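Order of writing sets the labels: A, B, C and D. Residues in every chain begin at 1.
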Amino acid sequence: MDTLIGLLVAAPLLGAGILLTGGRRLDRAGHLLGTLLALTSFVLAAVLFADMLGKDTGRRTLTSHLFTWVPVDGFQAQVGFQLDQLSMTFVLLITGVGTLIHIYSIGYMEHDERRRRFFGYLNLFLAAMLLLVLADNYFLLYAGWEGVGLASYLLIGFWQHKPSAATAAKKAFLVNRVGDIGLSVAIMLLFTTFGSFAFSDVFPKVGQASATQHATVTGIGFMLLLAACGKSAQVPLQSWLGDAMEGPTPVSALIHAATMVTAGVYLITRSGAIFNAAPDAQTAVVTVGAVTLIFGAIVGCAKDDIKKALAGSTMSQIGYMIMAAGLGPIGYVFAIMHLVTHGFFKAGLFLGAGSVMHGMNDEVDMRKFGGLRKYMPITFVTFGLGYLAIIGFPGLSGFFSKDKIIEAAFAKGGTEGWILGTCALIGAAITAFYMTRVMLMTFFGEERWKDGRTATASPDEPSAEPAAAHSAHGAPHPHESPSSMTIPMIILAFGSVFAGGLFSINSAFVKWLEPVTGHSEGDSPVSTGTVTAGTMVVLVLGVLVAWLMYGRRPVPAVAPKGSLLTRAARRDLLQDDFNHVVLVRGGEHLTRSLVYLDHSLVDGVVNGTAASVGGLSGRLRRLQNGYVRSYAVSMLGGTAVVVAATLLMRAV
Amino acid sequence: MSFPILTVTAAVPAVGAVVTAAVPAARRSAARLTALAFSVATLVLALVTMARFDTGGARYQFTETHTWVKNFGLHYDLGVDGIGVVMVALTALLIPFVMLAGWHDADPLEDVNPNRRWRPTQGFFALILLVEAMVVLSFEATDVFLFYIFFEAMLIPMYFLIGGFGDRAHPGGEEEAARQRSYAAVKFLLYNLAGGLIMLAAVIALYAATAKQLGTGTFSLQEILDARAAGRLHLVTSTERWIFLGFFFAFAVKAPLWPLHTWLPNAMGESTAPVAVLITAVVDKVGTFAMLRFCLQLFPEASKWATPVILVLAVISIIYGALLAVGQRDIKRLIAYASVSHFGFIILGIFAMTSQGQSGATLYMVNHGISTAALMLVAGFLISRRGSRLIADFGGVQKVAPVLAGTFLVGGLATLSLPGLAPFVSEFLVLVGTFSRYPVLGIIATLGIVLAALYVLVLYQRTMTGPVKAGVEGLSDLKARELLVVAPLIALLLFLGVYPKPVTDIVNPSVGHTLSDVHKTDPKPALEAKK
Amino acid sequence: MNPANYLYLAALLFTIGAAGVLIRRNAIVVFMCVELMLNACNLAFVTFSRLHGNLDGQVIAFFTMVVAAAEVVVGLAIIVSIYRSRHSASVDDANLMKL
Amino acid sequence: MSAALHSGPVVHSLWTTAASSTDRFPTPHIEYAQLSPVLIIFGVAMLGILVEAFTPRRHRYTAQVVLAVVGLAAAFAAVVALAEKGYGTTKAHIAAMGAVAVDGPALFLQGTILLVGLVAVFTFAERRLDPKAHGRHVDSFAAQGSAVPGGEQEKAAVRAGFTTTEVFPLLLFAVGGMLVFPAANDLLTLFVALEVFSLPLYILCALARRNRLMSQESAVKYFLLGAFSSAFLLFGIALLYGYSGTVTYSGISAVIDGTAPTNPALDNTTGNDALLLIGLAMVAVGLLFKVGAVPFHMWTPDVYQGAPTPVTGFMAAATKVAAFGALLRLLYVVLPGMRWDWRPVMWGVAIATMLVGAVIAVTQTDVKRLLAYSSVAHAGFILAGVIAVDKDGVSSVLFYLAAYSFVTLGAFAVVTLVRDAGGEATHLSRWAGLGRRSPLVAAVFGVFLLAFAGIPLTSGFAGKFAVFKAAAQGGAMPLVIIGVISSAVAAFFYIRVIVLMFFSEPKPDGPSVAVPSPLTSMAIALGVVVTLVMGLAPQYFLDLADKASVFVR
């Protein structure tokens, strides 16, 4: 069995290798191969899952050690896998959603001449992501961690000829690198503290460590959090996610909604032992989570670009997860649960958005949509289900997972509990608002795309979305997407409807994960019923307000100036501008001045020395004036000096 | 008397140089093939040495000992420890690729050929082989003076390679190029010569010291170490420090360490890409290697005394080099500054005085050699195609030459030490090694990885992505020969990135020896320490 | 007689000679000043010879004269040849090579 | 008598002393065999004069060359034979009534000088470089030294095919003097030897075929300054004599050490150290002038530039050898007891010489002047070795001199090859791109330059290392450091020439490289070979120098 774990990673890796080095001759079959291998690893996952269910709870963890990666004295980095329930959950999500999106992409990327490479990258991503969740030590996890970063870089910038895409990709990678500092420092701390960074070595010892050097453990916690912030686009490292939408929509769905961005949640949950031992770190985590879930939600409200709106929502949803994870044993399970459900409905939503764009000449501005439900029914339905799920409509998966998190937040207890709970509720309200907004602006209202506005987002940039290739510009004529695209959407829709309920049947999910993450019911000051009721209320409120604003009266095709907050929110609450002014500009000035310094000062000293020798030489040279008598003078003078010196030596 | 494989390894390229130089002017391709053949032969020998190196065996193996000049205490002592054997292998490995990459670099443009006996191609390859021979010898030398001799002598062929076969693509035009080239060459030579001469003074002082205490002065590493072990030789603290500084200065110039780095951008910028690789990937390694081999072994106390300053300088190099790389307009200069940053890492690892640090540093030397070679050579192909080194002149290359762009990206990712590619392992080892003894420096150095990402990605974005710039449309993709150069390097990067064990296994024991020389042991994990 | 005085005289002559070399322009005169210096030496030799009561000094004096004579031969030859080619014996005119 | 007694402390009456010592002049006993090298040279030189006088003009050249070569070879053989017999080591002693020492240093240096002379003869005899004049090969010496440059008489002389074959005897006389100079064991011999090798050199300087004005000017400068310096030397000798009452080295050192049998006169003079110190200083000045040490170096560039290049090469090499030999002997034999007085001064001179030489050379634009200044710098390096007053010091200096002189000869020989319409093209700008025009010559010159710069694997490096090593062991580490710094500066201008030759495009009207006859080729080849051999395998020569590094007292 455990050999299969290796294959799990190997399959997509193989695919990536073949597709990226294969050359043009693979162009025709490439996408199929990629999809096939993704499917393979999903099947393997399913097999392993079945096997795991077969075993009894205690002995479900599989491990497999391949080889020693870096052996240097104390520093022994192994390539070994550990498949427990937590990993299993992720594996299923990744391979499952991954496969679906491969299939979706077949249709979506049909007209792109670099489709082969696209699938190569997707496979590469799957491999890296699986590596991340299967690693049995932090060092290997780090490899996967950076691997997904690379994949995301490549995929965001897939349309490299679009400067915006290239820039977005670069930005994503850089911001993630900042996070990676956290992870690498964490690993170093682990190594210097425990002499190892393998889960199995570290976690048992955390307890005694926190007794002796509590600060260090807390430090590790903080560093891991930093890493999580980078990967999961949490404040203050969230700025890249919005731009990441430059990538093809399947990518946004898979990487920047369903899987990669949730790696942070995985990291924190996986490191539960450490965080449990470092309350301060946990506080930081929940704070980040709470802030982000509000932040993301607000941003989501203001965006007119459908993908960016969804990106904001992703941010906010992950904020929920992070917060939950920060709550400790109370929340881990629900964090993951929400992660999975979110994986379904958010992926679904993105694919829906993609389908919409597909039918609208890649228009992304919702103000140019409207009344599409007649034209693309399947998309409408699936999208709608995803919508209901995310706002937490009773009975759908979002309802269960999010509700649990809010409860857990309250259950944290004390003022902290109240604050977090309130935040969560507000978040829920706003979620309801902006998702309704998206829904209304896209599928309802009058058809604002009719008046023949050209469809390209911005004329100067040659849009390379494949649809544009074949459809003439001008007034779009919406149409339903091909089945290769709709089928995945449907499947995901199913997921987003039933997953939550399935998990909650006699809290199967809790039981499933408990052996790994541990679980404890906090003492909630408010009963579950109250919480649910509250959630319902805010939900209705949100929807209502949205309807009042966007449903009842017509939506202006050109964005109104909007309030100060709106404008700020459109610009990601000015966070980007801050980065730009402080980091980018500042950096430019710094480098420029350093370049100057290097030339004038550091190099100047050297050249200066040379020059001064030359000058001295020139001056001394003049003494050689060609007159015998002056030579004689120097001789006489020299003699005098020598004589005097000799006498002096005797004198002293 | 066993087979003197070390001597042979060095002799083959030396002979090759003579043979190549003797090839008639007209027979250029013959000259190329001859040179390539000799370099491959060297590679084979180096690999054999590496294979036969017994990791469990004596510290120095395949040793040869002959007295060369008695009066100078100069011995022809050769021997390799794990570090040495790896470095020799690296050198021997890179040279063939350098040659292949520079296959036509030295062909005389027509009509500038006043003399029939003027044969640049022969000269070019002969000089490369000569450099190889001297570098190999300086990796093998276990006699301080012997090392010094080759350390200095290698400057001359290097100098002619830089000054004589410079980059023809210069923004300032042909004669500006010539001017810059000879400036760079002279700067390179004088800088290193100055370093070397300071070292000469130190070498002489060392001789005087040994002569005073042992009766006869000697430079044999073995004799000196034995004498010290036996307590017959004990340098006065101040003397030891001065001599150490003399040595270190020379190595720091060669390495190069901030603020002695300014010759490198000129040299690498003005020379052809293969020569630039020769400089940064092969010749400069002698400096860092020598720190490990001589500074630490001969002057343990002084080394420890100087460590804080050196570490700080190393960290400055890392950050400073990276920042300047970000600010460059010229592709090759950018890579040069990136190298400065990487050498900072290497020196950091060496003087962190931990097994991770030093193994990492050694590994880093290898990986940096390969990765820079990959990146620089591809950059060279790119530059020669476009006829310009300015980043601004490129854009959208991936559209017209996807393979070239791809390889370039891989090289870049290696440079920013992405996991899965070789440099990551070494860089992380260095960082961990540093962190475990100097946490603050470790963390500051870690910032380097962000900056690395910055300059690599910016370079890639500006040159490869975006709409196709004017002047780029026509560029052809990599030719077979060029792929032959790049593909193996990339393969190697991947292999060492996933499975560096073969190298680390050889290196680790030697690092252990070096550490025991300076009486240092790795810090215990905090938990054990507490118990 | 006090030998010291002769030495003073010798020193004086030597100095005069040296000064002459420095200030006179005509090569012949310069050369004569050198001769004067040599003769100052001779005087010193003779004086010391007398002082020490051995003949070495006086012998040396003869040697010096011979050498001086030889120098005259060579010197005059050179000076005359340059005079013929330049029509001037001023040492300051011979100033082609400098710096 | 009474008058004598009360006037001044002790003044002998010559009559009495003379009367009392009629046996003061024993028949001089000369060890002819041991002086054979010198005697051979002088004999051959005399023969040369006779040849000049009595053989017809067309035969002279051949006769002189053969004569000179044979003579020098024979003398060298004699030196080797003496060394073989052990006169360099065990049987070393003082010959010719204490006038000349026959010991290791003397023989080593004499051997070097003779070889240098031999090579110099080759370069003197070269007559392929200049274009034929009236169908005859001509060498680099004036057709008739006495003729006015460019005058009718000269034209006539050229037409008549006159050649100044006197140069060979002159060379031999100079060599003879140089042989004696380092071997001289009393101050008188020192002085005479000095003059004997100086006077011919003065004449040789004036005999250039091209640029005769410069040639004559250099001769005048050299002559006047030389005479001036020798006056200082002589006065110094006088003072030393006055101090010690003797001119033999052994005698003086004995007096200094106070081991000499004392007498009232001595007590009187030795009471006054000023005599000794000033004398010492002035003698040193005389020698430092010949060595070309700062501040007595100013003649070097002008003379080196103006003199005919073969002569320059010979001077640069041989004079340095001889002069340093004499300096060594003086400091090691006469004044070891005085080292605390002269060492600091020598330090100063050495430092000044190294730095000034190197620094001024940086901005030179004429190859010969450049080499002149470099020779100054090298004089400084050698002084560093001289200062280390021990066996190592001596041997290192001997080695350095041997190495240096052949590099110098070779370098100047190469200079004679690079020519254009106006004769040798010595201005550096003319050398641009020489490496493209004639790689071989450029490469050879490059080797010499690298040797000058002291790059490892060349004789220059070995020598430099030996000297600095000696200095360091003699506790003169600061000198070593300064030496190292100035070699770094020096490297700069050697490199500059290399850059010029190899990296700059050749000028269209650039100079051509004349194809020399076997003579010059041999000289150059020898230079290269010696440079490389002494660089790669110096052990043999070091041993030789080591064996030869003991002065006889």
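We adopt the following convention: a residue touches a chain if its C-beta (ideal position, glycine included) is under 8 Å from a C-beta of that chain, and two chains touch if they have at least 3 such contacts.
A quick note: this is a predicted structure, and the numbers were derived from the prediction, not measured.
Undergrad: Of the chains present, which has its C-alpha mean closest to the combined C-alpha mean?
TA: Central by C-alpha mean position: chain B.
Undergrad: Could you tell me which pair, A-C or B-D, is linked by more C-beta pairs in contact?
TA: B-D is joined by more C-beta pairs in contact.
Undergrad: So how far apart, in whole Å, are subunit B and subunit D when each is placed at the average of its C-alpha atoms?
TA: 46
Undergrad: Approximately how many whole Å separate the CA-defined centres of subunit A and subunit C?
TA: Whole-Å distance between the two chain centres: 97.
Undergrad: Roughly how far is subunit C from subunit D, centre to centre by C-alpha average, rounded to an integer in Å?
TA: The answer is 23 Å.
Undergrad: Report the inter-centroid distance (CA atoms only) between subunit B and subunit C in whole Å.
TA: Taking the mean C-alpha position of each chain, the two centres sit 65 Å apart.
Undergrad: Residues touching two or more other chains, restricted to subunit B: which are they?
TA: Where subunit B meets two or more other chains at a single residue, that happens at 190.
Undergrad: Please output the residue numbers of subunit D that touch at least 2 other chains, ranges allowed.
TA: Residue numbers touching two or more other chains: 220-221, 224, 228, 301-302, 492.
Undergrad: So which stretches of subunit A touch two or more other chains?
TA: Within subunit A, residues 610, 621, 624, 626, 628, 632 contact more than one other chain.
Undergrad: Which chains touch which?
TA: Listed by label, chains in contact pair as A-B, A-C, A-D, B-D, C-D.
Undergrad: Across the complex, what residues on subunit C touch subunit A?
TA: It is residues 18, 21-23, 25, 30, 91-92, 94-99 of subunit C that touch subunit A.
Undergrad: Would you pull the subunit C residues touching subunit D in the complex into a rising list?
TA: Against subunit D, subunit C makes touches at 1-4, 7, 10, 14, 17-18, 21, 27, 30-31, 34, 37-38, 40-41, 44-45, 47-48, 50-57, 59-60, 63-64, 67, 70-71, 74-75, 77-79, 81-82, 84-86, 91, 94-98.
Undergrad: So in the complex, which bits of subunit D are touching subunit C?
TA: Those residues of subunit D that touch subunit C are 7-8, 11-12, 14, 17, 24, 145-146, 148-149, 151, 188, 191-192, 195, 199, 202-203, 206, 212-214, 216-221, 223-224, 227-228, 231, 234-235, 237-239, 241-242, 245-247, 265-266, 268-269, 301-302, 305-306.
Undergrad: For the complex, give me every residue of subunit A touching subunit C.
TA: Going through subunit A, the ones touching subunit C are 621-622, 624-629, 632-633, 636.
Undergrad: Would you mind writing out the residues of subunit B in touch with subunit D in their complex?
TA: Against subunit D, the touching part of subunit B is residues 68-72, 112, 114-115, 117-118, 148-150, 152-153, 155-156, 159-160, 163-164, 178, 181-182, 185-186, 189-190, 193-194, 197-198, 200-201, 204-205, 207-208, 211-212, 217.
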